[in-house]
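So the structure is just underneath, and the comments pick up after that.
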Amino acid sequence: MALTQTPMQAEKAQTIFEKSKAGRRAAALPDAGVPEKPLAELIPEKLLRAEPPRLPEISEPEIIRHYNRLSRRNFDLDTGFYPLGSCTMKHNPRLNERVAALPGHARLHPAQDPRRAQGALELMWLLQESLSEICGLPHVSLQPSAGSHGELAGLLLTRAYHADRGEERTKVLAPDTSHGTNPASVTMSGYEVVKVATNERGGVEMDDLRAKLAENADEVACLMLTNPNTLGVFDENIAEIASLIHEAGGPLYYDGANLNAVMGHSRPGDMGFDIVHVNLHKSFSQPHGGGGPGAGPIAVSDRIEPYLPRPQVVRREGSNGHGPSFDLDFERPRSIGRLRGFQGNFGVFVRSYAYILSLGGDGLVEASETAVLNANYLKARLAEGRAGKHLPIAFDRHCMHEFVLSGKPMKRDLGLATLDLAKRLLDYGFHPPTVYFPLLVDEALMVEPTETEAKETLDAFADAVEQILAEAEDNPDLAKNAPYTTPVRRLDEVKATRKPVVRQQLQ
Amino acid sequence: MTRYTAATPDDRREMLDAIGVGSAAELFEQIPEPLRLGRPLALPDGMSEAEVYERLAALAERNADAEEQVCFVGAGMYDHYVPAIVDAITSRSEFLTPYTPYQPEISQGGLQVMFEFQTAMSELTGLPVSNAGLYEGPSALASAGYLAIGATKRRRFVVSRGVHPHSRETLATYSVGYEAEVVEVGLEGGVTDAAALAEAVDGDTAAVFLQSPNFLGAVEDVEALGAAAKEHGALLIVACDPMTLGILKPPGECGADIALGEGQPLGNRLDFGGPSFGFFCASEEQIRRMPGRIAGETEDVDGRRGFVLALQTREQHIRREKATNNICTAQALNALGAMVHLAWLGRHGFRELGELLVRRTAYARERLAAVSGVELLHTAPVAREFAVRLEAPVGAVLDRCAERGIAAGYPLGRDYPEFEDGLLVAITERRTKEQIDELAEALDAAIAAERGAVDGHGGFVNQEDAKAPIGGGAA
Amino acid sequence: MALTQTPMQAEKAQTIFEKSKAGRRAAALPDAGVPEKPLAELIPEKLLRAEPPRLPEISEPEIIRHYNRLSRRNFDLDTGFYPLGSCTMKHNPRLNERVAALPGHARLHPAQDPRRAQGALELMWLLQESLSEICGLPHVSLQPSAGSHGELAGLLLTRAYHADRGEERTKVLAPDTSHGTNPASVTMSGYEVVKVATNERGGVEMDDLRAKLAENADEVACLMLTNPNTLGVFDENIAEIASLIHEAGGPLYYDGANLNAVMGHSRPGDMGFDIVHVNLHKSFSQPHGGGGPGAGPIAVSDRIEPYLPRPQVVRREGSNGHGPSFDLDFERPRSIGRLRGFQGNFGVFVRSYAYILSLGGDGLVEASETAVLNANYLKARLAEGRAGKHLPIAFDRHCMHEFVLSGKPMKRDLGLATLDLAKRLLDYGFHPPTVYFPLLVDEALMVEPTETEAKETLDAFADAVEQILAEAEDNPDLAKNAPYTTPVRRLDEVKATRKPVVRQQLQ
Amino acid sequence: MTRYTAATPDDRREMLDAIGVGSAAELFEQIPEPLRLGRPLALPDGMSEAEVYERLAALAERNADAEEQVCFVGAGMYDHYVPAIVDAITSRSEFLTPYTPYQPEISQGGLQVMFEFQTAMSELTGLPVSNAGLYEGPSALASAGYLAIGATKRRRFVVSRGVHPHSRETLATYSVGYEAEVVEVGLEGGVTDAAALAEAVDGDTAAVFLQSPNFLGAVEDVEALGAAAKEHGALLIVACDPMTLGILKPPGECGADIALGEGQPLGNRLDFGGPSFGFFCASEEQIRRMPGRIAGETEDVDGRRGFVLALQTREQHIRREKATNNICTAQALNALGAMVHLAWLGRHGFRELGELLVRRTAYARERLAAVSGVELLHTAPVAREFAVRLEAPVGAVLDRCAERGIAAGYPLGRDYPEFEDGLLVAITERRTKEQIDELAEALDAAIAAERGAVDGHGGFVNQEDAKAPIGGGAA
């Protein structure tokens, strides 16, 4: 019997709403145990809902089957290699899940009196101290919920800093390689982005930087930089950049998405940065969850500290023979205020702190070293053979933890777009690299293997790329119509945006 | 301590050879020497897994969690029972470890979950469009402000004082960036002062923000209050508690343009405040201004049904400085937890749970009001939380209850100086009648003891006692 | 591109030993923290091992990938319908896993002093009481580890009972439909099996029973029976059977594998049984784990009680205002002794007790009722169309929780063996029924849907059978060569037994 | 309370119609009326998930587990740290919920795990054949007796008194069924009395059973002791603690025909005694007499490598009364846990862990021997557990230690009346030097207090005191 499609392809997607049948249910609820007054006696009729929302009616065994089956329609880090550039898809230790689930963490109410949440506050304080040491900056707020939230926090801190000095500035400099969240955050915080060009080494074009500073004299609020940047290279001019920005009166913002390259090797604070966000879901092993949760703590210099969000976790020295205690400090008059409810994504802090404890200082140093080693090795492997010919490295130098290839020659010579290569990789069982980013590089492929991958895996990936290119020399349509083996094949994304169907219609 | 890596000394050697360098250190030479740390990190040595576990367990031990104390604290996050099936599903690697679904062909699981979640939240709120989730409640509310500015080109927000203080404060923080003005409208009898609200809204107003049930637990008449917004062409933005939407009229039927809120009560544990998720629903009109990811239905080349990230042109990775929001990593796993919890409760279970909350809350409110030294802070209708005033220092009473193993509620003083004597008490399906009775007894004893302390010691006045005398009479 | 095999088929099976690479590791161990004396100073060299066992050398991320990927090569209950007769593949609630994992259960040492394990002993006592009520017999021992262990226990109890009365008996009667563990247990306990025939209603052939009793007068130790039996029918003559055996001086043993049919409807004790084993991994929702763990508690009548295994969980009334307390009673002079270490599979007890608490008395009654309803419905569906023609029911009457079809006409008319049908069902995404058991029925298919399946699932299964038979009318080879879509296709079982390779060879 | 079922009233109606009966009750009419229960079960009503959780958590709360007490109890089950990856893998539905792999095409996951497990256990024990696991340790030992009878056609067992008392008792229980005689051989200086053993073994002996380390923690010279078995053609059956097999000479190299034991220390939690698993390895000769499942490697019709249940002709479902054992459902999931734990430890980690145990145990033994009122019960070499004698009633000392949060060990009195004053102390990698020091202090204080109690109260004699005076001198 010839296979026409895989078993998963043969299975028609059905939502849980479509599996609903009137009268089914999973949950049993406790009896109220109190007088069963009619609802309308307790709440005026006009405020009440007439019909319950049309949630699914379904039994528990059907629910678990539905979501388990659905889960297998995902590719995940525990299935295979996931070299998604800029995302640091490193191993997610299950120890971290275990400690986060301890009732003392998981069932702790965020409004518990600090005197009865000393363990949680101490943990947060210890994490702050650890991040402070890693970033080389003395103060940390754990409040931001992800990288982009940290960026917004940083920019609002920058505003507060300037305002406190009686200044109003309007421009934020950012290289053309910056991540999309950077300019988006700039606009949300009331600033305007001024793009700075990239030089032939992949770093900031110093002349352009000087020119933009001159053009926008007294208007530059700060510079946002990722270092190593999204090309995976370390900007050697960072010291000079920092002094230029500082001279212009602006703080320097460090997008910490790439911190995994430099932990214990080089510290943003030492590079001259004033504000740093850290993506705990990248360098510090919080699982990505298919799009969160994460956390984006910020570390700042002394001059930024007064403006940090409220509340701040503080350690108070003990007296009368009592040990130190921990508290939430709300009395921060110059604070920019809250960025969210309560104290931040505490569950993420537990996981990341467990990770830091597991590796220790040396382990973090080694993690970064191995991340850089793996990236350079894979880069070397992809500089060989067909990949070397069709997919040249965008900036030919040692990379840090990731590197960017250009699919331009591949497109020109073989007719394959980067997207086609990416889709064909799916058939080979790999998650493709980040594609079409950074924008600067034509047909970009951004590859970040991370330190937790074995050499064999890197080799297998390089071999797959080689083989796809070889196939394409014979028959480019193979990749152009890929993938073939995934649960669904190429999807019509245009339709989904033109005539968006964003919920199930129910009768 | 090496951990989670695979490179053996042999591997390293082979890899360095292939790269053409003598050592990994050479690769770091691109970092100018003065910027290299040149010393070990001042962090403890690595530990074995068992040691890390012990360390973290020892810290956890020093928290009074809801397993240890009977928890009547709410204020936006609630001690609901998260069914075991939620953990079973969210802990699967296939959901736990992938990135945002940028490659839809191998992300149908996550994308379909988003689509289902959107459907569920749309059903709950009565609005046709939902995103796949934001960070959490207060920042979702602040993001709605950004949308309102984009939609109305106005920069003035009118906010009820019944909106969660964290939301109001977050909105204020963000509004500095938005260069928007925030005007607050007070409460009367526990609910938003309708007259003051009507007065505050004008033709420059971008949005009116309400919350129902509001922070004091009172169910607001959103429809009536919202009229002022409609009249002036401002958006009506309503924060709500998803657990009450099985019984309360959904914001979409009350004229809301946007309904949003903290998602924690749905399938997410307390976690000392996070991670949870924010939900965000809107009218059809706002679909291209929405923040965050949205999954949409489509087809593959063979005609198979499938799902993708829709309307990505709103988002930062495409639109950059013109994006409708800067959010990237959000809270997908938490939204999955919510979806599983909702499916588990089901259409009728969800409503019954709402009814249960209302009935137990009514009982608790009555029971507590009967305690000497306790009176209701307001008598507006409530769903699952209510506010009382105590005739004794709130902090001291809470400490006494804590000694009895009860977290009696949320003290209102910090957020509402006008209610320095106020206590907010929350009910979930985990709080039994017996526990409510116990709370009443604990409050009774604590208040009596505090009064005794004051009386007994003559001049002794507790710190929190230095406040205005309590209004109405008490036993 | 034409698919030649599925992605899973394309993946060559590799063991974790084959993924090992010298120098890799996952675990970090704590420092000893005590003097690091050479081992040979502590233990004589001759007792020491020269080389460590060749366990895999592998990193943690590789381990989780290996086993996660491997897991997907299993079909499981949360993936789809699993109507494996006699196995009661009912839903496994995750609540039960949660409560079993509480540290008070999971990290409780089995030798903890009973005074410091009161919760565990009370739980065991409560479970004993519950099973006693369900079985209609006053005493319960939780010790046996599974059904077959319970059988052995029951037979040793029978021996002890007879021995105590100064009798030695040598024969155990069992119907020809009995499960393989029954005769195996009989031999292990020093008895000899005497087979009893089955009548045209699927029950015990009374004449044969009388004959066998007569033939073996004074030699019959007991009768082992499953009721409903492995044909899924209730033996209406059970009262008469019981009195015949009792008259012959033997106790009656109830194989409780099929208890799921009758919970709260009819009780083995009331039917006249003296000893019952209960498979907690069947009726009481303990997950099967791919072949265990389970537990096989036994319930017994008063006359058997003195011989129950040691120790026994007992409840002692409190005095001086103290509540009752629970203890392990070792002082059982007539006990057959231990059947295993410690107190039994406690983790299984926790799950099953949680299940009983969840459903309550009425819930158990309804569970059995729905199990019977589902079975009879599926039987009715399979009596239609081609299935009705090719796969007749072995004993045509209402069934209880399961039923047995015969593939004999299918084999004769279409050339398909039951095995072929089973294998083809795999391509349709179903676990096949139990096949070739009971032995009495030619080409048997034993179907047990359980109560936790939805009607739609039963319909889909019936439709699949129909479709497979329709296919076979056109092209019997389709099923004969099935499956096509599974991770591997039909395997050579003969080779595996002729020249067994039961471990990896390592160099 | 309906739970976990899906049949709605409509479904029921349709199904009954298809069956052709009016009610489900009709289906039960095949049960003769007098045998129908005719009343509700006398069990509590069903409860909601949250209520069941609370009920079970309240019971669990009343156990002093190793999270609460520092656990020095061993006696066959040990408080090792089970790495989180074990739970992550064993909790996957795909491993948790299937039945025994009767359909190999869709059970390759479970079958390959069995094959890997067999390889690992074979490596550990030094014997070429392993099964996929049995219930647990003692019943595995009793099953070995059945094999020995089959292999030798003899019915006499010689058992060292160093074998776990539960194993000896289980063997005795089974031997009634086997109609076999069990002869016990005593200990000398903590180890099996070699002369007595040699004496006890004869030409009728089916098997000699040893354990190393034995129940008192002593490492036996299996090779030397086993000579008697070899001489008389009896099988040598050795029970062992898998956690010591990284450092101790494997039974296979000591002449054992069968090596078996309790698998709990590998990847299985304490669980108050189960479920865990028993392992069972043997020489090539015994392969067709093995109890339990065995996975074997083979190929599919296309030549793909695959695994199946091999040698099923040994088993009850094929061979029935002639089966080599009656076992059916075993402990597959627990064996998976062990395999994951072993892979996680890895070749070198496994050995290092063994070394760690030996060193910490040596330290603990020395430290405790220095305590006044404690002396070593024997001085034979030990690996991870050792026995001491106390100069005070053991039960009372244990109670005092328990009050300090320490489970100090296993009292030997019940199993070894000759060691009424004996205490068995076990060490795992979770027991730190600090905890060992604390144990020493606790024992010191407890013994001193007990002596004081006796002295102080003159004639007062504790129940356990009424025993033979302790041998050697003490401080």
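Things to note:
Letters A, B, C and D mark the chains in the order given here, with residues in each chain numbered from 1 onward.
Quick note on the criterion: a residue touches a chain if its C-beta (ideal position, glycine included) is under 8 Å from a C-beta of that chain, and two chains touch if they have at least 3 such contacts.
Since this is a predicted model, take the numbers as computed values, not measurements.
Its interface matching that of C-D in over half of the contact pairs by residue number, A-B stands out among A-B, A-D or B-C.
Chain pairs A-B and B-C differ in how many C-beta pairs are in contact, and the one with more is A-B. Computed from the mean C-alpha positions, the centre of subunit A lies at a distance of 47 Å from the centre of subunit C. With centres defined as mean CA coordinates, subunit B is found 21 Å away from subunit A.
For the pair subunit A and subunit D, the distance between C-alpha centroids works out to 46 Å. In subunit B, 1-6, 11, 46-50, 53, 57, 67, 83-85, 87-88, 91-93, 429 are the positions where the chain touches two or more neighbouring chains simultaneously.
Taken residue by residue, subunit A touches two or more other chains at 5, 21, 24-25, 27-30, 58-62, 64, 68, 72, 78-79, 91, 93-95, 97-98, 358, 452-454, 481, whereas all remaining positions touch fewer.
Of all the residues in subunit D, the ones that touch subunit A in their complex are 1-6, 8-11, 46-51, 83-85, 87-88, 93.
Across the complex, subunit C is touched by residues 1-7, 11, 21, 24, 28, 59-62, 64-65, 68-69, 72, 78-80, 91, 93-94, 358, 427, 429, 452-454, 456, 478, 481, 484-485 of subunit A. Across the complex, subunit B is touched by residues 48-50, 53-54, 57, 67, 81, 83-84, 88, 91-93, 429-430 of subunit D.
Taken in their complex, subunit A has these residues touching subunit D: 21-25, 27-30, 58-62, 64, 68, 93-98.
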